[in-house]
Amino acid sequence: MAETASIINASAAPELQTSAWLNTPRPLTLAALRGKVVVLHTFQIFCPGCVQVGIPQAQRISQEFDPDRVAVIGLHTVFEHHAVMGRDALEVFVYEYRLRFPIGIDKYDGEPQGVPLTMRAYQMQGTPTLILIDKSGRIRLHKFGHVSDLSVGFSIGALLSEEVEIDESAATPAAAGTGSGNTVCDENGCSI
Amino acid sequence: MAETASIINASAAPELQTSAWLNTPRPLTLAALRGKVVVLHTFQIFCPGCVQVGIPQAQRISQEFDPDRVAVIGLHTVFEHHAVMGRDALEVFVYEYRLRFPIGIDKYDGEPQGVPLTMRAYQMQGTPTLILIDKSGRIRLHKFGHVSDLSVGFSIGALLSEEVEIDESAATPAAAGTGSGNTVCDENGCSI
Amino acid sequence: MAETASIINASAAPELQTSAWLNTPRPLTLAALRGKVVVLHTFQIFCPGCVQVGIPQAQRISQEFDPDRVAVIGLHTVFEHHAVMGRDALEVFVYEYRLRFPIGIDKYDGEPQGVPLTMRAYQMQGTPTLILIDKSGRIRLHKFGHVSDLSVGFSIGALLSEEVEIDESAATPAAAGTGSGNTVCDENGCSI
Amino acid sequence: MAETASIINASAAPELQTSAWLNTPRPLTLAALRGKVVVLHTFQIFCPGCVQVGIPQAQRISQEFDPDRVAVIGLHTVFEHHAVMGRDALEVFVYEYRLRFPIGIDKYDGEPQGVPLTMRAYQMQGTPTLILIDKSGRIRLHKFGHVSDLSVGFSIGALLSEEVEIDESAATPAAAGTGSGNTVCDENGCSI
């Protein structure tokens, strides 16, 4: 059921760690987005499930909802084939696919290799991963693979209806595993 | 924007006027559904926009949400070609398309002809029309033609988040026009 | 492989046995269509696989090919629920779905019941069934369920390239079974 | 009409000029493919119309037809953003999208820049471009943008039905323009 799926997690969303941003004049932070529902779509430009399903869904969301209330953000979380998925390739992809919403580049601890920092902090399994963060900055949906438009729309509607809570006690999630080793893509996405 | 679209109307939903029901052991009333969000999908079995878009969406909604919280109801509102869209034809359609949610047959004032009574009371323009009714029995979305899954999901999420109000003062809508005359179908639906 | 699938059968196509025609000023016969490739799409108006897949494909074929070389014909082969799939219902369906190609109504031996005569003569398993008949009047493709556009296009291309043969020796197929008893529809179609 | 579209051009297909091949142990030449129908799908890995429509169609063709009779070949014709569409990026794309048919890399006169040599020789307007070459080595379909499955299937069926001609007199097409300047992508593809 969509309802139960949407309220699984209420830990504080770790701050984004990025090395650069596209489609925005200045870097975004989750802290500055408190009060909005944040739709975080993480992807890789050579992940078929991202390009064919996830990215078009993110575009629909950004077109259908008011950006003052629902912030759609892309996050390029490259955990494989780093050499061909750098910033220059991402810029071409964003230009050719005419993406307009802000897109951050997940940061590495040093040179691009392995799983990047935000991806680790959120313990993502792969790409695409859809994460919804409520107005108070807590993770409320965290899903690897595809999520139906009905379900995403439902969750956005439910989260927008909530009052902002001043809740500083939400626990920071423990650091996740490094996810090294082989990766595999199928029709749902690419997993670590 | 989906948000604004969803909160356009807050008049009391007129009670359904039906001559028969399929897929339910006893007739449904909106009165008995107070406390649930009601998704009312009105259609005709020979309306292409209903069969190809509206009905599949109603099926997805009925499969994705908890029936104890979201009541999906079909309403066969035949306003044209009455002779070939009677109960026997509807039963075959429902059987062959494997529809499982309750479906009412809109009632006429006398013999089946012209626009049926519930369709008039809601001032529907044609089929498909999607109507969302909140837990307190008020119309909150009323749309002829197609509504995106994102938008429907959003509205359901927003309405489910609301508290039930004890509001008996909601005005009953005035009786609508009779909508006689020629009808036309296009890719969006069939209009009066 | 599409190539092999398309040349499986070379028996003479039995003449159509119809009780009426829509979308044509006079009844069609296969005999009069010699020299053209005939695309015969058999369907029922309450068969989901026909309405959602087969009929749209027939429309695409009729729009993409020259009617002087490729004759697209619908055949309403009702083998179940006869009472609600009569000529009046078919006429409403054809009008609402804006079908323009000629559509025959398969004939019964007496009152409408059981499997109609053309459907029997072709030993069809159910609806939708797609049958391709070459310029010389022989069955060259006979498929229950869905056929890909690539495969149908291929077969039409191959058959149009052939010379007309004067071959009167092609055997008439033996009469098929009556197919009485229960029928079932799934996502592919409705079978006898 | 598909029929007329398919027989527009009968000039000799210029030989492919490639710098490397994927998915084949040795380089392919059109000369060595005489006797087969060749489906040449030209694309770029960051062209949305290629990735979302053209490449999936090429995959369907390669799966549906006998490779001994129909040779499906990809050609990476990069005419923009050369720095991020090199061989290493193409290899990742082919791996992640699980493409199995042979894919050549169009060659440049010197360093990768501007329009590559095969793309020039065929006077292509952009990507995707679909080119069908008959058993005798002549161009028979040459289309920028999308071609329906019905139409492609039709053309393959028609070309496979032809006899191989020993026709050495087919003229070599004149060298095409260089296509320098700005490029643009829309939902159909990317043009020079």
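Letters A, B, C and D mark the chains as written, and numbering starts fresh at 1 in each.
Just so it is clear, a contact is a pair of C-beta atoms (placed from the backbone, for glycine too) under 8 Å apart; a residue touches a chain by one contact, two chains touch by 3 or more.
For clarity, every value in this text was computed on a predicted model and none was experimentally measured.
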| item | value |
| --- | --- |
| Any chain that touches chain B and chain A | none |
| Turning angle required so that chain B lies on chain C, C-alpha fit (0 to 180°, nearest 5) | 180 |
| Label of the chain whose CA centroid is most distant from the centroid of chain C | A |
| Same vs different contact residues, chain A with chain D, by half of numbers used | same |
| Centre-to-centre distance between chain D and chain A (centres being mean Cα positions), rounded to whole Å | 36 |
| Cα-centroid distance, chain A relative to chain C, in whole angstrom | 50 |
| For chain D, residues that touch 2 or more chains besides their own | none |
| Overall pattern in which the protein chains touch one another (line/ring/star/complete/other) | ring |
| Touching chain combinations (by label order) | A-B, A-D, B-C, C-D |
| Residue numbers on chain C that touch chain D, as the complex places them | 1-4, 6, 60-61, 64-66, 69, 148-162 |
| Residues of chain A touching chain D in the complex | 45-48, 51-52, 81, 83-86, 88-89, 92-93, 96-97, 185, 190 |
